[in-house]
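Here the structure comes first, spelled out in structure tokens, and everything after it is commentary.
Letters A, B, C and D mark the chains as written, and numbering starts fresh at 1 in each.
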Amino acid sequence: MMADGLAGGLAACDAAEGSLVPAAVAESLVAVGRRMDARGWVPATAGNLSARLAGDRLAITRSGVHKGFLAAADIMAVDFAGQSLSPGLKPSAETLLHCQIYELWPEVGSVLHGHSVPATALTLALPEAEAIHLAGYEVLKAWSTITTHDASVALPIIDNDQDMLRLARRLAPLLESGQAPIGYVLRGHGIYVWGADVNAALYRLEALEFLLATEIERRKLA
Amino acid sequence: MMADGLAGGLAACDAAEGSLVPAAVAESLVAVGRRMDARGWVPATAGNLSARLAGDRLAITRSGVHKGFLAAADIMAVDFAGQSLSPGLKPSAETLLHCQIYELWPEVGSVLHGHSVPATALTLALPEAEAIHLAGYEVLKAWSTITTHDASVALPIIDNDQDMLRLARRLAPLLESGQAPIGYVLRGHGIYVWGADVNAALYRLEALEFLLATEIERRKLA
Amino acid sequence: MMADGLAGGLAACDAAEGSLVPAAVAESLVAVGRRMDARGWVPATAGNLSARLAGDRLAITRSGVHKGFLAAADIMAVDFAGQSLSPGLKPSAETLLHCQIYELWPEVGSVLHGHSVPATALTLALPEAEAIHLAGYEVLKAWSTITTHDASVALPIIDNDQDMLRLARRLAPLLESGQAPIGYVLRGHGIYVWGADVNAALYRLEALEFLLATEIERRKLA
Amino acid sequence: MMADGLAGGLAACDAAEGSLVPAAVAESLVAVGRRMDARGWVPATAGNLSARLAGDRLAITRSGVHKGFLAAADIMAVDFAGQSLSPGLKPSAETLLHCQIYELWPEVGSVLHGHSVPATALTLALPEAEAIHLAGYEVLKAWSTITTHDASVALPIIDNDQDMLRLARRLAPLLESGQAPIGYVLRGHGIYVWGADVNAALYRLEALEFLLATEIERRKLA
């Protein structure tokens, strides 16, 4: 683990022979997976971790692997239509949700998706809610667009769907209109969050999980 | 820990001299025990971990050891009647519950049993319930027979019993009729879950523990 | 960490030069302290860990040290009156509570005391209760005197006191009359538990902490 | 990690060339950051860790870094007005709150600030409260001014503010009048705590986090 966080720079790194994914990118996603596993955010084969590559491509965890036990070879390349560029490797169906975010915002360098107990419990306990409203939290400043705790920020909740194209279409107006949300939660499923690079996305994931864990405790005390 | 999870293949592995348990099988169960311990699922000497061996035998943790501190020598062989094949080593009484599962389903390669706070608290808090109904959870897809979160799955609860033959008889109709359950919970005791191999069983255990931890939080928020 | 748990045998081990505490005893208590710290049971300098030595003496953690960062030199010898036998080292005031247990039961080889959130919260939330009644828990079988989950076991709660002699006198009738309790809890303070050796005491501590953590969840769900 | 805790002595340690921060000071803060991260108390880039240096200066974590991934180079020197003495490094805005404590009490050698779920949830759940009253807790003895559990201690809650000078002015009467508090909590933000050195401050942080985690559970059970 390097001094400036989990990920090294992408710049001067060549991909392993035969792979389209630079070794440093793969290593940073492997490290993020281990950290998410240590926090309990990727049970079984849950979650998907990705990073932007040059040329409208992304590196993403392949389908069906445990994110706490990733090897570099489990990180594959796909194009922005979610098609595999790594012979023999199959991407997760949810790859399309990653692609949607990269296409929409050129400044996004990494997208992380995990399943946590607080995100899952809170969205199922609020079956009608379209957002969780987060107010008074200093940690909201993890998003550079938020400069004070004295704000009420809506974290959108979207009903889960096994049809990724339909889900992406439902997400589109939410992502594209006005200010970008700080992330979103699929009900009963988990969090999607993004940032300029793998570290930035990880820090926002940590901030969001902290907010949801706190929100659950606050509601139980109320 | 290998790239493809906790367990290596069983194929080309010979047992340590004098043992009926191939070293790779023992190692994979030792690794699972450490992981379950790190999650707090095997307090004291709780839990039993097993894997199918060739010839209607299984490898299982011996009686009375802490699953977080296992050595390969703590993994013994028994036949499908639960009788020790490892001279001097005594199997746990609950070995019979493992045998029952292996006999019933030839495709099962590993059975895991742990005690967790959520499984124990939830079954004791619902003294009359015969099942926990899990609905709306993406993580249910950890079972290949479940292809959507939009399902309600019953996790059976069985009253605990110190008489393993009687317990196995009570379990039989539940296991044998219709579709196999995703696992089961002994009230005030813990989870039994199984899979094609040690990794598959571990992933389902993680999924089930995640579901129960989430279910507890959902109920407290309701 | 050895295959058979945290502690090695005491038999053939010599004490470090100038110390009355055999190295293996010190190491086993250091290891238990690290494990309790990892579980969050010894915040700040909380807790006391001890093991019986030959000749009516015990090895115990010295006063004021963090149990997660123990060195062998932090384990001192005291006599059964709680007087230091290690020049320059001061035992904790609570050493007397350890001595009381060793004097009472010759078969006890180790006493462990930690502070956990569940033990502290539950005893403060039940200000009038003289015991926590634990029923239906398989984990109760961690005590060899309990052979079935189908039992109701009383874990005594004693009001905390800064006067250790007075506290020991109040504990005496509880410990000496009839069957020994499975341990006890000082209200707002923590658990005392014991066993034949350091491993046995640790396993019972784990069992007791599991029971209290589960009991808290069960009560919140009720 | 050294036997006497996380931090070594400051005495004979020279700063790394070009740095005003002795290496041992930087190392002790790096170690505290890792420990706080393992406990979940510094999500994203939350928290600030500092230690007193000679000559009215302090060593403090620079702005915007993750406290779980600190390198020695992330520890910078500032004067008591919060001005950077480390060329090119920017201190956190909250540095002023650290300076206030060092200026007020010459015996304070370290100040720690973290964000935890219990501190954040409890202060937001009590929007009108000016303090959390802690009574009956043995762990209160982590403060040498408190010699018994039989005490009720007020942990002040201050409304959060992005204007640090204004916040420091609001804190002043609280800190300066009568007996020093055991620490304080910024509402929706986190804990500030201090001690004679880095270890002493860490132990008090652990005690305070333990108290708040327990207080939350006690209130839910009530």
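Following the convention adopted for this analysis, a contact is a pair of C-beta atoms (placed from the backbone, for glycine too) under 8 Å apart; a residue touches a chain by one contact, two chains touch by 3 or more.
Since the structure is predicted, the reported quantities are computational estimates derived from the model, not experimental observations.
Removing subunit B from consideration leaves the other chains joined as one piece by touching. In terms of the stated touch criterion, subunit B and subunit C have no partners in common. Between the two copies, subunit A and subunit D, the C-alpha superposition involves a rotation of 90 degrees in steps of 5.
Here subunit A and subunit B face each other with different sets of residues for the most part; under half of the interface numbers are shared between them. Separation between the centroids of subunit C and subunit D, computed from CA atoms only, is 31 Å.
For the pair subunit A and subunit C, the distance between mean C-alpha positions equals 44 Å.
Contacts with at least two other chains are made by residues 220 of subunit C. Chain contacts here close into one cycle, and each chain has exactly two touching partners. Listed by label, the pairs of touching chains are A-B, A-D, B-C, C-D. Contacts from subunit D toward subunit C in the complex involve residues 1-6, 39, 136-139, 142, 147-150, 199, 203-204, 206-207, 209-210, 213-215, 217-218, 220-222. Per the touch definition, subunit A reaches subunit B in the complex via residues 40, 43-46, 65-66, 69-71, 73-74, 115, 117-118, 120-122, 124-125, 160, 162, 186-190, 216, 219-220.
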